[in-house]
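Per-chain residue numbering starts at 1, and chain names A, B and C are given in the order in which the chains are listed.
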Amino acid sequence: MLWYKAWLETRARFLASLATLTIFCAVLVHHALYIACSNTFPCTEGWIRPGRQAEFYRLLLVTQEFLVFMWVLAVVLLGMGGIVREKALGTSSLTLSLPVSRTRLMRVRVGLGILEALALAVLPWATVFAISWIAKMPVLISQVGLYVLLLVGGGLVYFAMAVLVSSVVAGEYTAPALAVGVVLLGLIIFDAWLRRFNVWRLMTGDFSIDRDTYLLSGHLPWWGILASLSVAAVMLLASTLVVRRRDF
Amino acid sequence: MTNEPVILTHCLTKSYGAAEAVRALNLSVERNRITAFLGRNGAGKSTTIKMLLGMIRPTSGSGTLLGNQITDAEENRELRKRVAYVAEDKPLYGYMTVEQTIRFARSFYPDWRSDVEKKLLHDYELPLRRKVKALSKGMRTKLALLLAFARRPDLLILDEPSEGLDPVGIELLLQTLVVQAADGVSVFFSSHQIAEVERVADSVCILEKGCLLVDASLDHLRQSYRRIDLVLPTLVGEGEFLIPGVQRIQADGFHMSVFATNNAEAVVERAHGLNAISVEVSPVGLRDIFLETVREN
Amino acid sequence: MTKPSDTLYLYSDTANIMFFKPTPTTGQPLYLQLMQQIRHATETGVLQAGDQLPGIRTLAEELVVSPNTVAKAYCELEHDGVLELKQGSGAFVCANRRARSLAEQLPLARRRIRDLIERLRDDGLFDEEIRRAFEAELLYSAKIVKKR
């Protein structure tokens, strides 16, 4: 029942984030469709003039940019918790007396977090698709898939970073503050000096977007995604080692 | 069924920088007994227990619990299947209801006993649907204890179990401990309540500043520790009573008070040899044994 | 060390004895106090020969003492010939010579103690002083009584 416990612990954060992201995307795509369909909703004609289509997809790109920002914050929040936080709350003696290894505790927490992060990427985009479909101007499924892939593939590293921070720092406010601080620091550093390696740009589609059609090309930055996921894996491994060695 | 101790440590040590919380502890707790673990606050009791359960890594030394090495993560996980532990702060998840908490704990232990669970739920009057954070302190304590008692472990470790309980609750607790012991569970509990220890404990371990000062059966302590109050005809130096077994001598003029951990008869003989006017031998209760033991250090 | 639960019924049928919770503060091991209670009951006839005593688990729970205390008391009483421990069924009061002669000896002993106390009181000693003197002498010679 470790999954159940992890769910109870993250449920509120997850549902609140899900609601926020979904509503936000719904509003944005509705607005985008409204504009693209010349101020009508649903669209009375099928696909509209090519110029408008590009405009529509450009607005989707903007959606992704906002979504990345909110998704990263949500995922950092989801990465909080864990046994180190439990020690501050006083429940670690119960959790650690269970006949389960600390590695398994970490695996369940991370596993659920990843599933929740996935849901936070898929469901808002699914909403975008649903609304556009209702408006008789469905977004290309391939585009939805690509946006989700970029978001999760590039962004899980932020989740892993949050897990690592919460394995080292116990405070209720210091841990998330530190994690958000790292996010911002990363933004600044990578934007200023390491633009080629900026995972944020990867997630928002900056590396894959066609500037004429505003469609994501199938030419994805696979190396970037792989690198990002590898760093995430290393961070998660480090978190596990830190937690295994620590005294409670 | 082996007769090996359920808990056995060898030079178990935990230091935090220069300070030693636990010093070369050689603890031996026998099977099928109720053993009490006494000590002042900060003496190292909780640290010792946490080392036994793999929550704290010892600085040096080793130990076994139910035959498993405590310093090996995998073996420690194995032994935790057969050990029920309630920490001093009676930890519970505030966001779970009483029912969810029980279901959660039950899922980890095949030795769970539903009949005991139901009986204790009834005795403790715990509201199933209420969230733990909305429970009173006494109810939280009872729930935390229920999670341990509704099992059939080989070893029960309790850290200050009666803290937070009213006298009725304490009586129920002691009864449950005794019934568990009768069912073959070895009990190891730390407590500040000397009165309850004296009623149910078979053996007593006294820890002070990380060192084990006393490790004996309570009956032996009761039969050996004596306070001998003497009135002597002349002023006699304390050195006269430095007999093996004597722990402390207090002289006040012609009165002398001798605290002996054993061998009280020799003290009485010496007193008679010195023509003592009055010799009074009194038994020493556990509270005084404890106070004298930690005072000496 | 578990005893059959039906001793509870037997207990209420035969051995109609109420045990007093042993007091831990007198410096005397609890098992000795329990032994005294049982011995006293057999001597005064509250417990008859053949009566079954409560199981260890039951008695431990009722008196809130360690089952080892009860077990030791029963064991020692068996050693003294007061009880008979039957494997699997429980502890029964023995009907043997020693227990019976003790029942005869005890009133005599009490008369002697009564006389001694009277004389000590005549000498001017207070009851509290007499009691403490008795305790001191008993404890002094306690090591002879110790069996294990």
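As a working rule, contacts are C-beta pairs under 8 Å (C-beta built on N, C-alpha and C of every residue); 3 or more make two chains touch, one makes a residue touch a chain.
Not measured: the values here are computed from a predicted model.
Here B-C and A-B are compared, and the pair linked by more C-beta contacts is B-C. A comparison of C-alpha centroids places B closest to the centre of the full protein. Averaged C-alpha coordinates put the centre of chain A at 75 Å from the centre of chain C. Rounded to a whole number, the gap between the C-alpha centres of chain B and chain C is 28 angstrom.
With centres defined as mean CA coordinates, chain B is found 51 Å away from chain A.
Of all residues in chain A, none touches two or more other chains.
Residues of chain A that touch chain B in their complex: 1, 4-5, 8-9, 90-102, 244-245, 247-248.
Residues of chain C touching chain B in their complex: 1-2, 22, 24-31, 56-57, 60-61, 64-69, 72, 132, 135-136, 139-140, 142-143, 146.
Contact residues on chain B toward chain C in their complex (touch as defined above): 32-34, 171, 174-175, 178-179, 181-184, 195, 198-202, 218-219, 222-223, 226, 264-265, 268, 279-286.
Interface residues of chain B facing chain A in the complex, by the touch rule stated above, are 50, 53-57, 73-74, 77-78, 80-81, 83, 85, 87, 89, 91-93, 95-96, 100, 103-104, 107-109, 144.
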